[in-house]
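Before anything else, here is the set of structures, which you'll find just below.
Look for chain A in each of the two complexes below; its partner is chain B in the first and chain C in the second.
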Partner chain A sequence: MASKIISATIRRSLSPRTLPHIRPLSTAAAVTAAAEPYDETAGISMKGVKISGRPLYLDMQATSPVDPRVLDAMLPYFVSRYGNPHSRTHLYGWESDEAVEAARAQVANLINASPKEIVFTSGATECNNISVKGVMHFYKEKKKHVITTQTEHKCVLDSCRHLQQEGFDVTYLPVKSDGLIDLNELRSSIRTNTGLVSVMAVNNEIGVIQPMEEIGQICKEFNIPFHTDAAQALGKIPIDVNKWNVSLMSLSGHKVYGPKGVGALYMRRRPRIRVEPQMNGGGQERGIRSGTVPTPLVVGMGAACELAMKEMEYDEKRVTELKDRLLNGIRAKLDGVVVNGSTESRYAGNLNLSFAYVEGESLLMGLKEVAVSSGSACTSASLEPSYVLRALGVDEDMAHTSIRFGIGRFTTEEEIDKAVELTVNQVEKLREMSPLYEMVKEGIDIKSIQWSQH
Partner chain B sequence: MATPSRTEIISLFRSLLRSARQFPDYNIREYTKRRTIDAFRDSKTLSDPSSIAAAFSDGQSQLQIGYVAWTKIQVVVNDVLIKCASYIATVIDCRGARDLSRRKPFTEKPP
Partner chain C sequence: MLRHATKRILGLGLAESRWSAPRFYHERVVDHYNNPRNVGAFDKNDPTVGTGLVGAPACGDVMKLQIKVDEETGKITDACFKTFGCGSAIASSSVATEWVKGKQMEEVLTIKNTEIAKHLSLPPVKLHCSMLAEDAIKAAVKDYEAKRGKPVASTTDKAAEA
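Right after this comes the complex of A and B.
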């Protein structure tokens, strides 16, 4: 009897009138641009903040929306073709396996590799763990040294710290003030027992593109495996594993408009690089990563990579235009805006700005209608400024006010204009209240002030 | 297939734009509209009949996917949830009857 009541309530709540995801989503920009038929007039109230609609999404480095074409490719593998690709005995398994192999080829095409060199994992973090810890554990008799940079992703730095606790040596290369590493320093820190060089291709916080070909040349000269975290670079800049001479590359699905929870690891076959597996089990994925390969996610990642190859040129042109619009719009109304990281060797979709004489937390609190990030999503839980900006040598106060705007395939001009307007308003409001800014306007040099101790 | 005629191309363009309007999400709607317009504008200069036919069939396949995914989801999710509801209801029914007869008082520690 209780079951009848439960099923009746569920059936009632499922009627099309009340299913939440049929209602069109209105964003703050759309509210200004056109009248939506279903207006959420009450607005959204969450965590004590009230906003008029869903925020504008300008955080493409944290994650990206799933492209409808990718979703369409994934659906059959959730609904009807749901077999386990490792089942060898029936059609469900065969068709799943076929789909996984097709996706493998699609991913391999994007990076100019062979499908046999791609291993599917649960994301770039797992790939980084396999690369750093797996390689060093495999070659631990002869190779005891790892070289990486100070601006790497947290998972690489944490894996290196783990290796240090086990007794390996790790060199963290410093970066110049534009975010790029110094190739001479890299050359001089290579030893005879160096087992791995790990440098990320495109930084997730500041968007600088490291000189991958030159680093690859140095690694080839000294015959050291070169690992790169290309999660942010995939589908955005042209990647060629042979030109870059990489032995290992971490790729992530949800940064290229694919699903979350899937990634791929490229492992070179000639010359072969060996790793110790971090996930033991039934020997799937050539023993490197055991566990059932999630067919729908993998198919989604493959479709996303194929799309990225077709749309790379169009997206890059558009993202550069939008970035110029954003930067010029902000610079036209505000001074004291600094772009963190190199402006030449940079991916256009990642714009990391610091606003002088403004307090960072209050700026972010005021920008609730725009979904942006300060620092990376991994470090924003703690209150300290991002370690990447600290490595660049940015002053503490400027590091605190940094905002990262992420522009992607689906961003529109109206969203950029609205983001410019909101940012400028908020910064002007905060600067008006700031006594430091008043002093600067009068011509006093902040750095020369002797603050008295109370 | 044979080279498509001008009316066929224009009708494909209109259907693509019409389907783009149906997306509930603002960003995807705007992107689909803009991408269709830009793609047709860029392939205006194609003169080779085989490449025109290839571009046309590419556009037709885009019409099949895309918005269909979103309408499919609503049907599928509805279906799956309703099936789930009746399944969950039956499980609760059976479980409830079995557990009540077997449950020991809370004073005893669970095994």
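Right after this comes the complex of A and C.
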């Protein structure tokens, strides 16, 4: 306690807002002083980067904050209703079980499914693993072929690669320059032993929405299970598992203002789709995913889905307005700004831009007051340009310059305006020192130059 | 409690050393990125100017380094650069211009990429940036000599030795 008093006194005497009267050295005063949010005027220094305050957050595709209303729903299940939902012998277990089942219904409601078709997991990555590997392993006697796209999330691609090592055949469908797949190409890739088609609904890097209904129709025609990774779509675009005709769908909690560490897998009951479990154990979640269901997280995901259901329309409108504000703001001051991916079929909250003649990594380094990323969080550490942009056929020099702005429920107009200002300043500064921009201004065609390769 | 108090007294000093992970930019890189030295361009048709352009946009790095040479003494009186690339590439070229200024042409050819990399504490994945800077210096000197039509005798000797 003594040290606490000392620290509080020193802080108060150093602080510019010294109180006019001398406060008694009571412990109560010390406690209030310690409870004050820490002083941010000195700036934050982390990983070698010094910034004056917390950066504004425009990376909603990586993860979203937990909605306070979601947190409110979760809290009781941490401290007082902490029972194991699988305990059948006492009230603690019963109330937890009830909460889990209510959350299951909330999730099912948002995608027009039955609660019995929802399996809780640790996240979309686990769902994708269960779907791709689980289905193929279960039907391995007859089905040996998987169709997916080149722009899938890494966990789908990696699961497919794993299947290839086990002797399965995988077709990676190319995408058109707008990021969408060619339906005729999908149709012609289907074989008699195709066991699964996996196409993500909303792309995590460029935000394009695949033609889900049409793909579902083709899969129905050939009677092939259709899996979709809808982690980025949940709560953002209307989802109807029957309209899309999906057999399996991967969902994530932390992309819809829910907690991290929870996801849900939709598994169709009629016609029934079966999978080989990837996790064996106590047989929870109908044996698909053993392991104690984390009640607070699941309750959070349920609450997040219910909120999304209520607010999707409003959010969509707001996010679209903010996206237009951002894009128009940047375009008003800069030329050579390209939106990657289709402009019609896309989710507004994901704006992937390429700034010609500026390198993405140096732009990110200068934009340290804006939390954005050059693509997916999983791959932003590597020097390679994004495989998604390369699949779109974006020129390599343009693929090096991409930045993803993610707008969400809690993004404000002030944040957008500040992001526009900072981005424009930084791009102008970097173009000023870009030899490519100089050449273009002199009228030299960069593509005609014989570059020395390194 | 005591730790809490000392942290308050010392400010963020402690937290800083704990958090700066080595795989992130060295402070010299950040400094050169924020305040790049000698950004600009000389007239490349000027006979006293040598221009080196290296790299490729597809690789994500293009460096243009220019030197202005005193024809009497062979001394580099001024240098400037423009770079398309990551923070390390910008810092490497900025350092390169600082180092070549005021030196003899033969002297700058001995600048090694390893010295630049060491000065900026570049991690292995960024070593190509320093190599590019070395290449840019050499290309600029070569361009100047080509313009003059006669290579500086001692320079070629040095290059051959290296």
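Here, the second predicted complex is superposed on the first by the 411 of 454 C-alpha atoms of A that agree within 3 Å, B and C clash if a C-alpha of one lies under 4 Å from a C-alpha of the other, contacts with A are read in each partner's own complex, and residues count from 1 in each chain.
Note that a residue touches a chain if its C-beta (ideal position, glycine included) is under 8 Å from a C-beta of that chain, and two chains touch if they have at least 3 such contacts.
Because the structure is predicted, anything quoted here is derived from the model rather than measured.
Once the two complexes are overlaid on the shared chain, A:V358 sits against chain C while remaining clear of chain B. Once the two complexes are overlaid on the shared chain, A:E432 sits against chain C while remaining clear of chain B. Residue contacts after overlaying the shared chain place A:S188 against neither chain B nor chain C.
In the superposition on chain A, contact is made by A:L75 with chain B only, not with chain C. In the superposition on chain A, A:M46 contacts chain C only, with no contact to chain B.
In the superposition on chain A, A:Y314 makes contact with chain B only, while chain C stays out of contact range. Of the two partner chains placed by the overlay, only chain B lies in contact with A:T411; chain C stays clear of it. Touch criterion not met for A:N223: it reaches neither chain B nor chain C. Chain A uses residues 3-4, 6-7, 10-11 to touch chain B in one structure and chain C in the other. Against chain B, the residues of chain A that register as touching in their complex are 2-4, 6-7, 10-11, 14, 16, 19, 21-27, 29-30, 57, 65, 68-69, 71-73, 75, 79, 314, 409-412, 415. Put simply, chain B touches chain A in their complex at residues 23-28, 30-32, 34-35, 38, 62, 65-70, 72-74, 76-78, 81-82, 85-86, 88-90, 92-93, 96.
Of all the residues in chain C, the ones that touch chain A in their complex are 1-2, 4-5, 8-9, 11-12, 15-16, 19-21, 24-27, 30, 33, 36, 39, 41, 53-64, 81-87, 89-90, 125, 128, 131-132. Those residues of chain A that touch chain C in the complex are listed here as 1, 3-4, 6-7, 10-11, 42-49, 357-359, 361-362, 365-366, 383, 385, 395-397, 400, 432-438, 446, 451-454.
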